[in-house]
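Both complexes below contain chain A, partnered by chain B and then by chain C.
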Partner chain A sequence: MNYLRATNLGEVTALLEEYPEALLLCGSTDAALQLRHRPETATLIDIHALEELKGVSAEGDRMRIGTLVTLNELLYSDAVRESLPLLAACADTFGSHQIRNLATVGGNIANASPAADLTAALVALEASVTLASQDGERSVPLETLFCGYKCTKLDHELITAVTVPLQTGSWYYRKAGMRERLNIAKVSIALTHGSGGFRISGASLGPSPVRFRTLEALLDGGVYDDAAIKAALENDADPSGGYRSTKAYRLRVAFNMIKEALSQPEER
Partner chain B sequence: MGVVGESVVRVDAASKADGTLRYTDDLPFEGLYGAVVRSEIAYGKIRAITFDASFDFSDIIIVDHRDIEGRNANVVLTDDQPFLAEARVRHIGEPILLLAHRSKRRLREAMAHITIDYDAQEPVLSMEESLALKQRLYGEDNVFKAIHTVKGSPPQKTGLFSLEKTYTTPHQEQAYLEPQSMLARYDGGRVKIIGSMQCPFFVEAALEGLAGEKIEVEQAPTGGGFGGKEDYPSLIAGYAYLLCKKAGQDVKIVYDREEDIAYTTKRHPSKLRYRSRFDATGKLHALEVDVTIDGGAYVTLSPVVLARCVLHAAGFYDCGYIRVDARAVATNTPPNGAFRGFGAPQVLFGIERHMDDIARHLGLSPAAVREGNLPGAGSVGVSGVPIAEYARLRDLFETARRESGFDAIYDAPAPNRGIGMALFMHGAGYTGVGESMLASSVSIALEADGSVEIRVGSVEMGQGTLTALPQIVADALDLPVGMVSCRTPNTAEVADSGPTVASRTVMIVGRLLAQAAGKLKTALGDYGTPDAYRAAVARYCKSGGPLQFGASYEQPADILWDEDLFYGNGYEAYGLGCYIAEVEVDPVDYRVRVVRFDAYNDVGQVVNPVMAEGQVEGGVAQGIGYALCERLVYEAGRVYSPHLSDYTLPMAPDLPEIAVRFLGTDGPSLGLGELPMDGPSAAVANALVHALGSAFDALPITPEAVEEACR
Partner chain C sequence: MQITCTINGKIHRFDCAPETRVLDLVRDAGMTSVKAGCGEGECGACSLFVNGRLVNACLLLAPQIHDAEIVTLEGLQEETAAIRESFAEHGAVQCGFCTPGFVLRAYDYLSHGGERSEEAIRAALDGNLCRCTGYKKIVEAITKVKS
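And then the complex of A and B:
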């Protein structure tokens, strides 16, 4: 296997041009599993050394989070805790302390797991991602990056940063797993409610995270009726039923979480 | 000096904490790694094995069944299990070939270039399919062992209520920290086996059949066993031996977690049908229990697990008529084996759920129903002899009920909360005539400096043997505990004190050691002070008397057992437990949290209170995992997800503070190892039934199961 260690962004994009099937090593917490499922992977490009991909910075009413920012950096960043409390709450349920020390924002997104904790939260927060290639940079809404189960539209590109509008209004985040810690999400719900209305997404509720737009519209219209919420969820979410949980469980718990979110006081 | 009853610090604590202890995989090693080529099908014949001609196998050591010089049979209770498959395979993962090479990578590549063609047959994948004889796997009826026992005669009384319920329990993975590991050392034609194991003499016996000669077997520090290293190490030791012998070099086999979860032994799944008849107060008049356990593809230990199922199936309740029909059946799944509790956790889940179901049926309190069925002086257990422990059991039950405030919480439960109880026993030592057949012996050796070395095959696997046994010997000799140590269990150097299983180490081996120490003390004569002891030792050594003192097991005269009738004292003594759990159900995600756990135990004299509390806490954690989250899914005879990411074990934040109490500490020391695994699942399930008013009869009770019940 070919292991390449890049030292700057130009090198990475050049290598990606040359080895489009390469696996980028970011936090590497899932790399061993990835390689098991993709034994044909011949090239690893390690991007840990790229300083330009690190750090969290406020840019006006948005926060720019570098792709190599770790989950613990998110969790312990005062700026994130103050301005993106939903993201901090999500990071707090993520893996173990040791995993959070390594796992990165960019890795969690690019891995494109339907159970990815951070991705669902970022979709609800209307995050966008900055992508870099030999052709330059472009920015797209995170939600549009995915093309299904473990599939992204990255094209000779790497994610350099995530840009997230600062949170205003109320929010809700909850993850259900088998135990208190070290869970792979059976279901999670991320919800914000501000002047723009409801923004809702969740993990393990479809092949990739999407905004629950039927549900958002329903709630924006002031309809909080149980049957209508259930119907909207069934329209928006498409959970799989498999080894880790059942489809019925996922939909029911998502519904319960939405109800719990709506019952909470607005001042959060 | 009285060091028994003191919380002496574990002698292996520091080396385990600082990482200096050397497990099998840490031992200095210059040799080959071993790997196992396994069956990809659950049932069928091997048609051909093809070695890809484009791959160079010349430097790979390859072993198949033809390399076996002795017998190709891992003899446990029967000889049906081969070390390596010959013509037929009976489960996915069954070993067919063994490979060894210096490079693990080359081993992996070699494995990818071996093709095995099969004539696959429809496998038998469930107990139901087995009993329906979908395929004939074993004997005429696919039954490895059946036990039928009847006590008393059916009640003539009319107007009794009756209830019939079926409860099921699943596979459970031992999840020891250290996976199965074995090292075969080669020294000038001789092979020595060193590895992770509970029973060095079992391994020695298995290898003697395989090799046709005695092979020296030594236990390495063992990172947990829980029964998973009782019978399985004989197989992996056989693989290491065969490769080592052929290669003429050291060979090491260390399973990775995936291989370990997928192919090594598990707790037997069970299907338990309880039919009871009782009066309006809940007093039992008849109990008929039908037990089926899934043995997997080979007999291994299933008959003995089944015997323990039978002897624990009715608990210790007073009932005039008890009938148990039990069977262990063959399926095309990897063989199941020993796991902490050894059949008791399954049936105790059954009887303790059933006692609550009787209470529910009548609208009575489960504590009141249990109280009304407590045994008395004249009560007789399932195997026909009086329940000698009746007074201690009542005391334990009453104390637990009173101190936990069970009744008040049961009568006025908080929303989404419930309380549950399990009252149970665990037979300590081997079942039936097992201990007299083992005829265990122990040895202690006096050193010139006055220190004493224990030489037994009983092993440390995390439970504290290296500390508890020296405490017992030091106590008997009035010596400081630091003057007594244990020799590494090596079959060439220690006495065969029997396997480290069945909660027997302290009770049986400890008692024999105390006897041996008594002989040494008699030989030394009177000594009162440390100085006098040293003088006595010097005098004795000069006298030229023997420096080793032993003792052997003799069946107590009042113990009787008839294996054919299944009549008599199934065990020399029983540990007792009354466990109380309070659970809370999350109304959003249906997760069940055990918010309080009280474990009342009676195991007689506690040798080391802190270690004993640790045993109970660990057993309760394992029992809570069994009850709520540990789930192994098989698909077509294969473990679907052999990873700890999906086989969810509870962790510290998932557990409540576990209040551990010991009663009856004035009696002789009984077994404690397995007892705490027996009660938690029923206590938790009963609490959940109380919280939600729904039946929870199948383990594990996952959030998905709770969600279904809440629909």
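And then the complex of A and C:
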């Protein structure tokens, strides 16, 4: 294995230019298991100690979350609990205490798993990601970063931060899994409802995290009819059937969650 | 590669491959309270502190503990005495394989001012699995730790 330790952001982007296929080492909760299958071929760029990629800070009406912020740091951040309660609620269902001490925000996004909880929550919150390469920085809507199952459009780039508009209006977050805590989502739903209308996303409901736009338009139009909601969900969601649950099951649970969200959202 | 860290206050140097699991490093260094359970972050038997945070040693790679301060149950004998006594008193141990992980999590939880309710303790134990006890006695033991 080729192991490279970066001590600042400039070094990371230079290394990514040279080794575009390299794995970045952060919490390693996803990477450790991937590496076990191919240790010989991998190049590892260790960024876990870079201070410039840590920390949560308010910037006007947005929150900037460094890519190395852990799930427990989100969960216990007063700023996040206050201004982004949906994100705190998501973090509270995520992995276990020990996993939350390791797992990072950037790792959850970059891993691009259809079951990634935090990614789904961030999509519903209309978050943007800041990407850095040798050519400088750019910011894109998180939703546009994905290109299918475990696929991102990162191009010799790393995620340096996520910026999230502060929450207004009502919201809903719910995750269903095998166990009450430590579990990978069979389905989760993240929903916000503010002056801009509904924003809805979910985990394990498509090859990559997406916004449910047909459903959003339907609800924005004031149609809360069961059959219409079901049809909209089937249009937007494309869950895989697998050994953990069937496609029909995932759609049914998502439907029940949407109904619950409409009848009892959290207000703020 | 060369890795230097402290384990329970003593400096350790390792010459190892970067993909070496921290779990294997600390066990080879004699800290056998850190158990190799599932190897996938699910069971918490491999829990240890890295710079004050409880994490799964089976997921951590050697470079991640370079210059770090590692603490295992071996290094917390005095601090965990009351917890271990309570586990014994309440029969919260059967085979004992999961016990070091549970004791460290209980110590982590209680020393951060964790609430002594059954519900909160059950939630706090989300990263530790036990195949024997059924959890009832473990939760009871933690609720009743003498402070």
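Everything that follows uses one rule, which is that the second predicted complex is superposed on the first by the 258 of 268 C-alpha atoms of A that agree within 3 Å, B and C clash if a C-alpha of one lies under 4 Å from a C-alpha of the other, contacts with A are read in each partner's own complex, and residues count from 1 in each chain.
As a convention for this text, a residue touches a chain if its C-beta (ideal position, glycine included) is under 8 Å from a C-beta of that chain, and two chains touch if they have at least 3 such contacts.
Just so it is clear, the model here is predicted, and its values are computed rather than measured.
**Student:** Quick check for you: in the superposed arrangement, does A:174 touch first (chain B), second (chain C), both or neither?
**Tutor:** After superposition on chain A, A:174 lies in contact with chain B alone.
**Student:** Please indicate which partner A:231 is in contact with in the superposed arrangement: first for chain B, second for chain C, both, or neither.
**Tutor:** So A:231 meets neither chain B nor chain C here.
**Student:** For A:257, is the partner it touches chain B (first), chain C (second), both, or none of the two (neither)?
**Tutor:** First partner only, chain B.
**Student:** Touching A:79, do we find chain B (first), chain C (second), both, or neither?
**Tutor:** The answer is neither, since A:79 touches no partner chain.
**Student:** Scan A:22 for contacts with chain B and chain C and give back first, second, both or neither.
**Tutor:** After superposing on A, A:22 lies clear of both chain B and chain C.
**Student:** Touching A:166 in the superposition: chain B (first), chain C (second), both, neither?
**Tutor:** Once the two structures are laid over each other on A, A:166 reaches no partner at all.
**Student:** A:249 contacts which: chain B (first), chain C (second), both, neither?
**Tutor:** A:249 sits against chain B, while chain C stays out of touch.
**Student:** For A:35, select first, second, both or neither according to whether it touches chain B, chain C, the two together, or no partner.
**Tutor:** So A:35 only meets chain C here.
**Student:** Touching chain B in one complex and chain C in the other: list those residues of chain A.
**Tutor:** 181-182
**Student:** Which bits of chain A are touching chain B when the two form their complex?
**Tutor:** These residues of chain A touch chain B: 174, 176, 178-182, 184, 186-187, 243-246, 248-249, 252-253, 256-257, 260.
**Student:** Give the list of chain B residues in touch with chain A in this complex.
**Tutor:** 587-591, 629, 633, 640-641, 645-646, 648, 650-651, 653-654, 702-704, 707-708
**Student:** Would you mind writing out the residues of chain C in touch with chain A in their complex?
**Tutor:** 1, 17-19, 21, 40-42, 44, 47, 53-56, 58-61, 63-64, 105, 108, 123-124, 126-128
**Student:** Chain C touches which residues of chain A in the complex?
**Tutor:** 1, 3, 5, 25, 27-29, 32-33, 35-36, 39, 42, 44, 46, 48, 72, 95-99, 101-102, 181-182
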